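Chain lettering (A, B, C and D) follows the sequence in which the chains are written, and residue indices restart at 1 in each chain.
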Amino acid sequence: MAHHQFTPSSYHNTLGWHEPVLEVDPGDTISTTTADARGRDAAGEQVADRGNPQTGPFAVRGAEPGDCLAVTFDRLRPSRELGWTSRRIADNVLDPGYERAAALEGTADWEVDAEAGTVRLRSPKGPLTALELPLDPMVGCFGVAPPGHQAIATSTSSVHGGNMDYRGFRQGVKVYLPVSAPGGLFSLGDGHAVQGDGEIAGTGVEISFEVTFTLDLIKDWAIGWPRAEDANWFMTVGNARPLDQCVQHATTEMVAWLIDDMGLDEQTTHLMMGQCVEYDVGNIFDPAYTMVCKVPRAVVEALRP
Amino acid sequence: MAHHQFTPSSYHNTLGWHEPVLEVDPGDTISTTTADARGRDAAGEQVADRGNPQTGPFAVRGAEPGDCLAVTFDRLRPSRELGWTSRRIADNVLDPGYERAAALEGTADWEVDAEAGTVRLRSPKGPLTALELPLDPMVGCFGVAPPGHQAIATSTSSVHGGNMDYRGFRQGVKVYLPVSAPGGLFSLGDGHAVQGDGEIAGTGVEISFEVTFTLDLIKDWAIGWPRAEDANWFMTVGNARPLDQCVQHATTEMVAWLIDDMGLDEQTTHLMMGQCVEYDVGNIFDPAYTMVCKVPRAVVEALRP
Amino acid sequence: MAHHQFTPSSYHNTLGWHEPVLEVDPGDTISTTTADARGRDAAGEQVADRGNPQTGPFAVRGAEPGDCLAVTFDRLRPSRELGWTSRRIADNVLDPGYERAAALEGTADWEVDAEAGTVRLRSPKGPLTALELPLDPMVGCFGVAPPGHQAIATSTSSVHGGNMDYRGFRQGVKVYLPVSAPGGLFSLGDGHAVQGDGEIAGTGVEISFEVTFTLDLIKDWAIGWPRAEDANWFMTVGNARPLDQCVQHATTEMVAWLIDDMGLDEQTTHLMMGQCVEYDVGNIFDPAYTMVCKVPRAVVEALRP
Amino acid sequence: MAHHQFTPSSYHNTLGWHEPVLEVDPGDTISTTTADARGRDAAGEQVADRGNPQTGPFAVRGAEPGDCLAVTFDRLRPSRELGWTSRRIADNVLDPGYERAAALEGTADWEVDAEAGTVRLRSPKGPLTALELPLDPMVGCFGVAPPGHQAIATSTSSVHGGNMDYRGFRQGVKVYLPVSAPGGLFSLGDGHAVQGDGEIAGTGVEISFEVTFTLDLIKDWAIGWPRAEDANWFMTVGNARPLDQCVQHATTEMVAWLIDDMGLDEQTTHLMMGQCVEYDVGNIFDPAYTMVCKVPRAVVEALRP
C-alpha cells in the first residue's frame, strides 16, 4: 500500500487511452495537485489548457476490461485563496426567452479560507460581501478511459465518468468506475470549493486543489455506470440528456446493484426504492447532464440477506 | 380567525371551477378529512371515485384573479393503520427495455403507526417485514382552480398545483398558489404516509388523512408557479415534462421571487443561486413531472436589503 | 345523411363537456364558419375571446365512451383576404441564449387569395413582397370532449385532440378521435391558410374559415390517440413533451392500429415500419408538442391479409 | 480534379484524429468501398470490427480549423445482393412498458436488386415476401475529426457529423462539415439500401457500398453544425437529445446560414421560416438523435438580395 507523491508536468483535456503518468498497485494512495478549470495552479500560473485539464492518467496494475476501479477521495483541499465563478445562471436552466436586466458577464472572485472553512464572495472592488458559504470541496471532473478507444472531452460525461459536477463527490466518498482500457487510466481535475446543485451557473467556485486519493481494483466486476458510497448512502450515476434519461440510467443501475451484488430480492428492491429513493441533480449545464440515485445505507443493510 | 370543522360528502376528480363546499375568511383554519388515492376513507369504505379525489373546494372570501392564496398545512395525520403502495418501479423511470424477472403486479400493504411514527411493510401473508421507514406524512395532490375555466384531472399538475407528489409538502410548510377563479377554490387529497423522491413506484404509502390547514389571502400578488416556504427553505415548483423544463420553470420563478419580492439585486441573485441552489424531484411518474428549486432561508435573509 | 348549415353564435376556449350547439346523425355533414385564433370572423369583427375559440361542440347521436368519432374535412377555405402571423421564431425552438438582433415584435399581414391559391406576405407599409407560398388550408385546433369531465384549454392538446397545429390536417383528411363524453362533442377552430412544420413562429397564417365536414361514428372502437388517413398515408398522432414522447405515443398507436385493426402480424409490422415509417412535426410550440407517425397506405394494403 | 480509386485495408470505429489513408486536393473525387455496419464487405467477408467501421480518413490539402469541408455523394450503390435489418422497433421509440407478443430477436434478410431498384424482405425460410420498397441508398455514418483531439465512437454523432442515420444523405446531396483537424479527415461507412425516418428499428437495410464522392474545401467558413443542400432544399442538422434540442441546434444553424451567408435580413428569415420550414427525423435510436431543418431552395432564391 504505497503512498505516492506525484507532481504533474502535463495535462489532458480529454479522458482517453493516454500514456499513464504513473503506474500503481491496487490499494496504493496518491497525493498530487490539480489545476483549476481554466488551467491555473496554486500560484495562479497557467500550467494547462482551459477546459478541465486532468492530472493523470494513473494506471492500476492488473486492471483489465470488465474490472472495476474504485477511487476514494481521502483528502480534497483548495490550494489557494482565490476561487472564481461565472456571474450568471445559464440560459438553459431558465425559461426560453427569459431576459436578464443586466449582462452579468465575466467572472466573480470568491475568497476561500480553508482553515475557517468558508467561501465568501468579493465585490468587484474587492471587499468581502455578506454572501458566505461553508467550504465543501468536490471534484468536478474525473474518470477512466472510455470504451472503444474513444477520447472524450472533459467538458462532458458518460459511462466512464467525466465532467459530472456533482457536489456529492466530496472528501470521504468512494466511487466505482468501469474499466475499459488496460490499467483503467484514472485522472482528475476541476476542483470546486463549493457548488450548488446542477452547477447552474456553469461553474462551482473554481480553484486548484491538493488531492489525496486511493485506487482499488475489484476484478471481474462489470458495472454499467459510476457507482459510489459514503457513510449514509449508496449512489448510482446517470449521465445523459434530458434529466429524465439520467434518472433512467441511474435507477436501473441501482436496481442492478441491489439485486445482483447486494442480494436483495427483486420485489423488496422495488418496494424499498419506491418509498426510500432520493435523487440529486449533479449538473444541468454540461453537454451531458447528471442525476444521482441514492438509497439509504441503513435501510439496505437491514434488508441484506 | 375561525376554525371550521368540515365533513366531506362529495369529492371531485378534477381541479376546476366547481361550486365551493365552504366559504371562509382569509386566515381561517379548516379541519377535515381526505380519502386515499383510490377513494377509500378512514374506515376503508369507498366514498369517492378512484384517482386522487379531492376534498373541497374551499372558497376564500375576497380572493380574485391576480391574488395569491396561501395554504399552511398545520397538521397532517394518517387516519387509519393500513396504507398501500404499488409493487414496482414504473417503466418510465427505468431504461427502455428493462425487464423485470417477475411481474410484481398488484399492491402491497404497509402498517402505519402514527403514535410510533413508523411505516412498515407487511409481507403478502401479513407479518411485518424488516422494511421500516419513519412516518413523514405529505399531501400528494392539492391546488386551486386552474386559469381559463379549465377542469384538469387530479392525475396531473400545472401552474395551479395538482398532483405534484412532492414529499416536501409536509406538515408545517406554507404553499402559495395563484388565484384564477373567484374564491381561489382550494381543494386537497391523496395523502401519503411516506414517499420517496419522484414517486417512482407511482404511489407513496397511500392512506386517508385527517388534515388541518389555514388559508390566507395575499391581495394583488400574481405568481407564476406554486411557491412554498418552511423553516429552512424557500421553494418554487415547476410542473411539466421533461424534468429539464420543470427546472426551467422553477428556477425562473425563484429568480423572480428573490428579485421582485425579496429585493435582492439581479447580480447577487445569480451569484448566490449558482452556488446555493438545491433541487428536489417531486415526481417523475405523473403526466406532468415536478421539480422543486430551493434556496436556504438563512442565506437569503442575510442578503435582503 | 343530412347536410346542416350552422351559424355559430357562441364559442368556447376549452374543449370540454359543454352543451352541444347541434346534434346530428352519424354520417351527417355540417357547413359552418370558424373565427381566427384571436376571435375575429370573416368581416374582421371580434366575435369570440382570443385563444383558438371553437365552433361547436357538435354532438353525434349514439356516440358513447369507447366509440370512435371520425371527422372528414370536406372543404376548408379561408373566408377573408387578410391573414396574420407572428414576426419571429419562438424562443423554445432556438438555442438557449440565442439573441435576435431586432425585436421582431407584433404581427405581419399576409394576403390570402383563395382563387389564385396563394398566400403572400405584405410589407409593413402594405405592398406585397416576394415571399409567396401556395395556399394549403389546415385546421389548427379541433377535437372532442376529453376524458374524466375535464375542460382543457384550446392552447394545448392531448388524447382528445386539441391544438395539434399539424399541417397534414388539411382538406380531404379523415381523422379519428376517441369518444369520452356522450355525443363525442366535436368542435373546431384556429384555421391556417398555410403553416410550416412545427408552427415554429407560434402561428400559421391565421385566418377565419368556411368549413364543411362530415361526422361519422364507429361503435366500440376504442383508440388511444388521434388517428388519420388520406389518399397516401395512415397517420397516428402523439401529443406530449418532449418530442421523443410524442414519437413514443404515435408509434405505439400505429403498431396497435396495424396489428389489432388491420390484421398485420407483429413481425411484419415491426419489419415494415422500421424501413417505411415517416414522421412529421406537428407543432413544437404549444404546451404539448405534436408528432405524427405515418406509414404508406400502398405498402400496408399490399401486406393486409 | 483527380479521380482516385482507393481500396481500404483498414477501418476505424471512431471518428478521430487518425492518420489519413490518402491525401487529396480540394475538388478531387474518390471512388472506394465501405463495409456494412457489422464489418462485412461485398463478398460477405468480415474485414472490419462491428459498429459502423469507417473507410478513411481522407485528408484534404490545405484544410485547417475554421474551414469547411464539403462532400458530394456522387454515386452510392450497394455492392452485394443481401442486406439485413433488425427484426423489431427499438424500445425507446415505443411507450415505456410496451410489451411485444413475440421476442422478434435476430436479424432479417432483404434482397437488394440494384438494377431493378428494389429492396425486398425475405421470409426466414428464404422466399421473397410482399414487402418490397424502392431502393434509396444513403450513408448512415460519415464525418470529420471532432474538435479538441477527441475520438468519438461511430455509434453516435455531434457537430463533426457521425452516425446521423438520415435518409436524406443520399446520392446527389452535398454536405458541409466543420474542419477541426488539419486536413479535415473525412471518413464514411454504414451504408443503407433504404431506411425509414428515425432508424426506429436500429438499422436501415444494412449493406456494403461502392461509393464515389467529391471533397471540396471552403476556406474560412466556420459552421456550427453539418449543413447540406440538394436540388430542392437547404438543410441543417442538429445531433443531440432529446429531439427538442436537435430542433434547436438545426433551426439556429439555419437562421445563421440564411442571414450570415445568404444575405437575407433577419425579419424576412423569421417570417419565411415560420411558414416554410420542414423537419425530418434523422434518427431517434442512436446515443445522439438527429433532426434536420429544411427550407425550400426556390423560396430562398426568390428572397436573396
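Here is the rule we go by: a residue touches a chain if its C-beta (ideal position, glycine included) is under 8 Å from a C-beta of that chain, and two chains touch if they have at least 3 such contacts.
Just so we're clear, the structure is a prediction, and the values are computed from it rather than from any experiment.
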{"item": "Between A-B and A-D, the pair joined by more C-beta contacts", "value": "A-B"}
{"item": "Most remote chain, CA-based centroid, reference being subunit D", "value": "B"}
{"item": "Distance between chain centroids, defined by C-alpha means - subunit A, subunit C (Å)", "value": "47"}
{"item": "Geometric centre distance via CA averages, subunit D-subunit A, whole Å", "value": "34"}
{"item": "Mean-CA-position distance for subunit B and subunit A (Å)", "value": "33"}
{"item": "Residues of subunit B whose C-beta touches two or more other chains", "value": "92, 94, 96, 241-242"}
{"item": "Chain contact topology (line, ring, star, complete or other)", "value": "complete"}
{"item": "Touch list for subunit B against partner subunit A, complex", "value": "85-89, 92-96, 98, 100-102, 104, 108, 119, 121, 129-133, 194-205, 241-244, 247-249, 251-252, 255, 266-268, 270-281, 284, 289, 299, 302-303"}
{"item": "Of all residues in subunit A, those that touch subunit D in their complex", "value": "13-14, 16, 51, 147-153, 240-242, 245"}
{"item": "Residue numbers on subunit A that touch subunit C, as the complex places them", "value": "90-92, 94, 96-97, 242"}
